[in-house]
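The same chain A turns up in both complexes below, where it pairs with chain B and then with chain C.
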Partner chain A sequence: MDRTIWHKMQSIDSRYIYAALIVAILIPLFCSKLVYLNIPSKPSIDFYNTIEHIASTEPNGLVIVDGQWSSSSRGENKWQTQAIVTHLMMRHVHFATLSFDTQNHTLTNEIVTALAAKYHYVYGVDYIDWGYRPFQAFTAMLKGLDTDIPGTVVHDSSGKPISSFPIMKGVRDIKDISAIIEISPTSSIDGWLGLVQGVNNTPLLYAPTAISAPKYYTYLDSGQISGMLIGVKGAGDYESLIHQPSFGTRATGALSFVYALIILLVVIGNIGHLKLRAMARTETEK
Partner chain B sequence: MKHFFQPINFHEHPGAFYGHIVLGLAVMFGVLGILQAVPRQYRKWIIAVFTFLGGLFYVAEFFLPAHSGKNSLNKYDDVVANIFVVVGAYAIGLGVISLLQLHVRKVVRTAPGWGNSAALIISFLGMTVFGLLNEYAPHRLLFHGRLFSQGIRVTNSSVFDFLFTGGIANFGSAIFSMIAFFIASAAYRAFRVRSLESSLLMTAALIIMLGSVGFGTILTNWLPLGNDPKSEFWANFRIENIAQWLLLQVNTPAQRGILFGITLGELAMALRLWLSLERGSYFDKEV
Partner chain C sequence: MTDPNGYLQHILSPSLLFGALGTIALLSLVFKENKLYRLFEHIYLGLALGYDVETTWTEALRPQLWDPIVHDGQWVWVLTIPVGLMFYGVYTRRFEWMSRLVFGIFFGAAAGTVFQDMCQRFVPQVRKSFKPLVPPPPHPGDIHATLHAVSYVLNNALFITILVCVITYFFFAFDIKNKVLLLMARSGRLVLMFAFGALFGATIMTRMALLIDRMYFIFVDWLQWAPK
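Showing the complex of A and B:
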């Protein structure tokens, strides 16, 4: 049987799909003059509001920013980290960074150091780097944070005792922490939920990759997670909420083009499928 | 003893650092020697006893009543966690030896794909050497001169940065981003109206996709945002609100069900491992 247009609509060569995808990704990324409509999602707004609330009610509060992402999910997590840290610095919220991934410590530090120079953030006074810990120490570290932060963290990344820094003054246990931000493509938030968040109902904010987000709507619904930035769309949402458009905004535009392309392809494939099915039925009836 | 397993700062205590490495290696070879000397029938029992004790600590530490947030075992948390890190490091060492054995053999025999194995060995050695040099002698000069009429100064740390930031980080991102191409192609081929279930799945996926981006939002942007009670009802039909409803009201209960199942499975698996009841690959083999 000859391959009709309906057959071809169902089996477009992958190479054409990849080429169309490259164009759909590149146009929004490089055409900075394009303007995209992006309405921030509710979890993103909740994330933003939690930080705003801390900034206005706890001016000396300390926020933990735990990064577990590496270069593989940099496309999403890097821009989330940049938008979050920018917001913290804009509102002058103190924070401590912590990494349980070998690459993450370097990658997060690059972002924080660049933004600290821009927002005149002083190390040890406005922010601190609690350093990298192997993932095997994750559970013990989290449990230690509940009751004794200086005794658990002990040193910053350069080996100095954390209690010697002004930012750590009065920080003893989890009750002295204003919020926890987890930026991760893995299910590491389960540890924070199970071992830390419930001890003092500390607001827990989560920035996962888009693929891992659906699992955690459960905790968003229960209120255990106070806000969620979902993938690069979350980064774009946050950039628009803090009025600092950057790569996340352009990437959200690219995402929009890519989704439109995928939907178009699905529709084309289904038209071919339905038409052929109808033709087969007519043949059978004859 | 409590501080013995804690990380040591090389720059502050170089003697203790090297001392611990030598002692660690001596203990490792000692333990392996003892295990080799013990009759075969007892080896499994020794491993089972240590597995049981390791698990018992965490069970007791979790369930013992706490006073002021702490119980009598909490103070040993760090020690046990550090022991796990040390044991984990040995496991990495064994993994590295096994991996290198496999790939060196492939290169020596020029087996098919030996070039990939050679690339792995060179990359592995390069990152290891410059990773260590970056830690212990970051500013040592490797090259100083002119290249293409530019003054160049190469140090251990600049080579490490080149390999890490310029190499690994970008390779990692590139490999992960390729998934997008496969997902797009797979979505096109998989989402077909073949049955009621597949139609439902496809409709839900398309709504979530549309609701997540500006392109979808434009389609229902003529509907009110729902800022006042009069328009609240119509705002429910905005694509982003339908997507949100699907995620919260349909996805969440399903995820809860899955979560219960997974957790029960994990509990059963943890008990089997803790009590050394697990059977199957590796567990039935002679050690």
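Showing the complex of A and C:
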């Protein structure tokens, strides 16, 4: 049987699809003046409001920013980190960074150092780097944070005792922490939920990759997670909430084009399938 | 381009060029398997492993074990080394008992931790599953109080219905013959399918976000063809 247009609609060469995909991504990158209707989702707004609440009610509160991402999920987690740290610095919220991934320590430091210069953040006074810990120590570290933060973290990344920094004054245990922010492509948030958050009902904010997000919607509903930035869309949401458009905003636009392309391809494939089925039925009736 | 020499210097700068070549080589797999892809895949794996080893030594083992023992005189940490070596007893029949000792301690500690973890993670969820079908008293001055009350009840009713239907679907222990239960189980399966669909949509979002990031790197950071 000859291959008709209806057959071809169901089996488009994958190389054409990849080419179309790249074009769909490039349009918003090249047309930076395109205006996107980026409506922040409720979990992103809740995330934003939690930080705003801390900024207005606890001027000396300390937020833990735990990063577990590496270069493999940079496309989402880097931009989330950038948007979150920008917001913390804009509202002058003190924070401590902590990494359980070898690459993450360097990647997070690059972002924080660049933004610290812009927002005049002073190391040891406005922020501190608790450094890298192997993931094998994750559980022990979290349990230690519940009761004795200076005794668990001990040194910052440069080897100085953390108690010697002004930012750590009065910080003893989890009760002295205003919020925990977990930026991760893995399910490491389970540890924070199970071993830390419930001890003192400390607000826990989560910035996962989009693929990990659906599993944690239930925790949003139960109030165990106070806000969530879902993938690069969450980064785009946050950039629009803090009025600092960057990659996340453009990537959200590109995502919309990609989704439109996928829907178009699904429609094309289905039209071909339905038409062929109708033709086969007509043939049988003859 | 105002300064061709400067531009050439930019695109040929080693870190950017290597990053761009790596990106192109790894993406070339979508067309077909090729040697350039294999080369960069191995380079990436080697770099990641090397980086892991170096960071673990410089940021964990040296400052937290080596320096305290060698420079700070906290020699008592030496005792952790034979305890760690006991794990390797599992490889010989003679010293197997040693590994059982440390494994036993770790199993006990892990079991206790998991118990705390499960209670703190899941008990609040079970508690929050019991949602009221009676709306709370309206806020003073709320002009849409009726609408809010209706949406509150509808939301909670929908939640409870879906929860019961999905739980019914997981009754595998006995054969369901009752028509109402069957309908509930089928509805449960249907809503699970919606959830899986959302999961799949989110998967695409992650994959595409990674591709968008790489395209941004190639066309904005490296080639500078698209505006920053």
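For the reader, a short list of remarks on this structure follows.
By our rule, the second predicted complex is superposed on the first by the 284 of 286 C-alpha atoms of A that agree within 3 Å, B and C clash if a C-alpha of one lies under 4 Å from a C-alpha of the other, contacts with A are read in each partner's own complex, and residues count from 1 in each chain.
In the analysis below, contacts are C-beta pairs under 8 Å (C-beta built on N, C-alpha and C of every residue); 3 or more make two chains touch, one makes a residue touch a chain.
This one's a predicted model, so the numbers in the text were calculated from it and none came from an experiment.
Once chain A is used to superpose the two complexes, chain B occupies space that clashes with chain C.
Residue contacts after overlaying the shared chain place A:Thr4 against neither chain B nor chain C. After overlaying the two complexes on the shared chain, residue contacts for A:Met141 are found with chain B alone; chain C is out of touch. When the two complexes are overlaid on their common chain A, residue A:Ala260 makes contact with chain B while staying clear of chain C.
By the document's definition of touching, of the two partners only chain B reaches A:Ser41; chain C does not.
In the superposition on chain A, A:Asn200 makes contact with neither chain B nor chain C.
In the superposition on chain A, contact of A:Gly159 is made with both chain B and chain C. In the superposition on chain A, A:Leu274 makes contact with chain B only, while chain C stays out of contact range. In the superposition on chain A, A:Leu21 makes contact with both chain B and chain C.
In the superposed pair of complexes, A:Val232 makes contact with chain C only, with no contact to chain B.
Chain A residues in contact with chain B (one complex) as well as with chain C (other complex) are 14, 18, 21, 25, 73-75, 103, 134, 139, 143, 155, 159, 199, 210, 214, 218, 221, 230, 233, 255, 258-259, 262. Against chain B, in their complex, chain A makes its touches with residues 12, 14, 17-18, 21, 25, 36-39, 41-42, 70-75, 103, 106-107, 134, 136-137, 139-141, 143-144, 146-147, 152, 155, 159, 173, 199, 210, 214-215, 217-218, 220-221, 230, 233, 252-253, 255-263, 265-266, 269-270, 273-274.
Contact residues of chain A toward chain C in the complex are 14-15, 18, 21-22, 25-26, 29-30, 32, 73-76, 78, 102-103, 105, 131-134, 139, 143, 155, 157, 159, 190-191, 193-195, 197-199, 209-211, 213-214, 218-219, 221-224, 230-233, 247, 250-251, 254-255, 258-259, 262. Contact residues on chain B toward chain A in their complex (touch as defined above): 9, 11-12, 69-70, 74, 77-78, 80-82, 84-85, 88, 164-165, 168-173, 175-177, 180-181, 184-185, 187-189, 191-194, 202, 206, 209-210, 212-218, 221, 240, 244, 247-248, 251-252, 255-256, 259. By the touch rule above, chain C contacts chain A in their complex via residues 30-31, 48, 51-52, 55-56, 59-60, 63, 113, 116-118, 120-121, 124-125, 127-128, 195, 198-199, 202-206, 208-216, 219-220, 225-227.
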